[in-house]
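First the structure, which I've put down as structure tokens, then a few questions once you've had a look.
For clarity, chains are labelled A, B and C in written order, and residue numbers in each chain start from 1.
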């Protein structure tokens, strides 16, 4: 029997989340590296997902294990974890990857605990070592240190990876092969008391999703005021890009946490990143260092952000930001 | 033997106060200084964590951590805001006479509110005629209708405009040699005829209020007396000598630590000729001097506080600590400024404020000259062969 | 309603000093000399949540940590903030634990406590992640060992009735809402509450509160195969400092000139400026 690399497909609002395609794309490469006809497979849990399962096939999943029931519409660790753990125990994948999303970061380790296996969290890369075992690269101390995490003696070797780390490949037309999970044994969990998922509330999207923007304007503590933040928003809009933030800017209340970049936020890789008033703490740099071109504006010549910038402007955000807005506006005319 | 090793509780206290100070005080200290504005509202929060009554026994709502504990609080507050430091230190100074000499009723009535932050205390001794000429006070308290009537003016009074309760000394008679007999009174801010007067604009320790208190026919009940009639000089001198000056000393230890930390930060960050100036020996020598001043001030200050906690006489040790710490804080903040070059005089850096606060600490509770006179008197009598 | 609450806490190097973390090039270990240890910041939110529950209802708050012996200090701090009792699970046999082994050890610590106290914990609260490793897996895995429902990244916990809580967990671009009853394991986020400061009164009270250290022999029910290094399916390999340096060309000139050069760079990299 050929080896398997599994990806757990994350569902958001009835659709497969983008991170899943990123993970499948990486899993496809890892399967090639592993050789011996290693196949990529996916697990999918939710309600009314038969059609969505087809997308997984197009991104490389040879087989999709689908647990589909109206009672599975919303994530719950109480039901999802046993279903996935039982599936993995029965099918013995070598590697099992989750998105390090809000749901995946809770569900993945629960599945790992049930399987008594190891899971590397928030990996920034997944490699294979000389024995074709998973070597996960994991940041710690806010990204200051990267460590390899191995899981040498237990299977599956599990890992979670944040959205935006891996690059999604182009889908290829492919027939889907779905294996439906028999949910009969989980009936009693469906009605278990104690924890009930009531619903999901989404904030209306503010501008372009960060991970889709070609240009990201990121504001840090040095942006200095709500007024400057609003200018940043305006500029991002004119450029067809998105704004991003660091923790201090969120703490100042200029923006919400939804577009925070770094180890405790999102990972981004836009074509151009422009940082305004960002000092460059490692935990932020970790989330943006895959950007194409990095431009930084900061008053302090010793800002660490300058070390990781392609272009640097040592100057006052209060001056440069409006000047850039004017320059872009005049190009529009 | 260990000299001055802090207990586990004292270490925890320092950590707790530091966390509070870094969150609630450090970010606003420069603004209070610039606007010369006392954050009165913060007294409740500080009371909540136990700073206001840190040395008051637990039975009266205090923390029961003595004067070493109090010095820790004042050092930590003053590391970032010596202005708020002196406001708190004066609050303690107002508490002390009640705690030490007040009646049980007075203690039960006032101390819990002083500890919780519901009420702010102050102490008023100095008059236009001078602070160090203690017995020359002119504020008069006369017995009338089974109570007291007070008239006079106090000046350079910290917390003058914010204190809910002021402990005040006044002349209540003369002894057989014609010398003033002083007594101590407790006055609530609502008392009729009792008003704060002018507010001073100070060079340093801004963010604390210093001003006049004016008394015109202030009528007080008989039980407004704190301690015995005629005990005012003793109560006032003890408070200032053992609590007030000790507090100023702790405040300057805080300023000195600020100097050490700012100097280190700047020396490591400032790159000249391709390397941090911390690599230059000339800078290292300055850092060592600033550090020495901090360590010495710290030892003197906590030693004096531990004497007080152990019930031993300490006015000479407190005077020594106050003299050294305040002068050392002036010198060290000047050194830190020099080390920082042009940046030292820019108000975005706190070191200019440190220097102004250190200078203003010298006259508070008695100038360096007075401290030296006290120390000299003690030395001349106790070092006779 | 009475709630017995356990709060799991961890000592971590102060995140303010992570720029001082280096790697010993010879021994290939992390050097963190001179970095003070503190109570993991978001664990304080967990403790605060526990104290608020105890204040709103009645009950007990027990702090528990699996850590080296010197972690007594952060447990003493938890007592000073307001926990009733504290337990430190500390033994060489627990060392080298990954999240699976850590959560297993905590699970057995809690079981032993429950047996000794004659009650079971209604809430087990954890910070959602530690500042140093940020693996963020212990709360979920502890929930699995205990067999309790677990939620992670909890930022709101409100009473529906004294037995039922409305809980919100963070999602990308929104949140998920839950109805839940004890027993529960919750990994809480920093938005849940504002932790109280340690008070002087708390420090004095903490002196007389119980702080016990339990070693391997105190957890006889625990199996060796799940403890410490041996019980950790993940193993660390090499460690390194990522090199993220870039060339750093200076853009100088008047603000207008700089803005013009940025526009040029944007265009050169495929960003459409002005159609």
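What we mean here is this: a residue touches a chain if its C-beta (ideal position, glycine included) is under 8 Å from a C-beta of that chain, and two chains touch if they have at least 3 such contacts.
In this text, all values refer to a predicted model and were calculated from it rather than measured experimentally.
Relative to chain C, the most remote chain by averaged C-alpha coordinates is B.
If each chain is reduced to the average of its C-alpha atoms, the one that sits nearest the average of all protein C-alpha atoms is C. Taking each chain's centre as the average of its CA atoms, chain A and chain C sit 21 Å apart. With each centre defined as the average position of its C-alpha atoms, the distance from chain B to chain C rounds to 40 Å. Centroids built from CA atoms put chain B at 55 Å from chain A.
For chain C, the set of residues that touch two or more other chains is empty.
Chain A meets chain C in the complex at residues 12, 74-78, 81, 101-103, 105-110, 112-114, 116-122, 129, 135, 138-154, 163, 193-203, 205, 214-215, 239-241, 257-258, 263-264, 271-272, 274, 281-283, 285-286, 289, 292-295, 304, 306-315, 319-320, 322-324, 326-328, 331-333.
By the touch rule above, chain C contacts chain B in their complex via residues 76-77, 80, 197-204, 206-207. Here chain C touches chain A in the complex through residues 13, 15, 18-19, 21, 23, 30, 98-100, 103, 129, 131-137, 140-141, 143-145, 148-153, 166, 169-181, 183-184, 187, 191, 226, 232-242, 244-252, 255-256, 258-263, 265-266, 269-275, going by the rule given at the top. Residue ranges of chain B in contact with chain C, taken from their complex: 8-9, 12-13, 15-16, 19-20, 23, 48-51, 54, 58, 63-65, 69.
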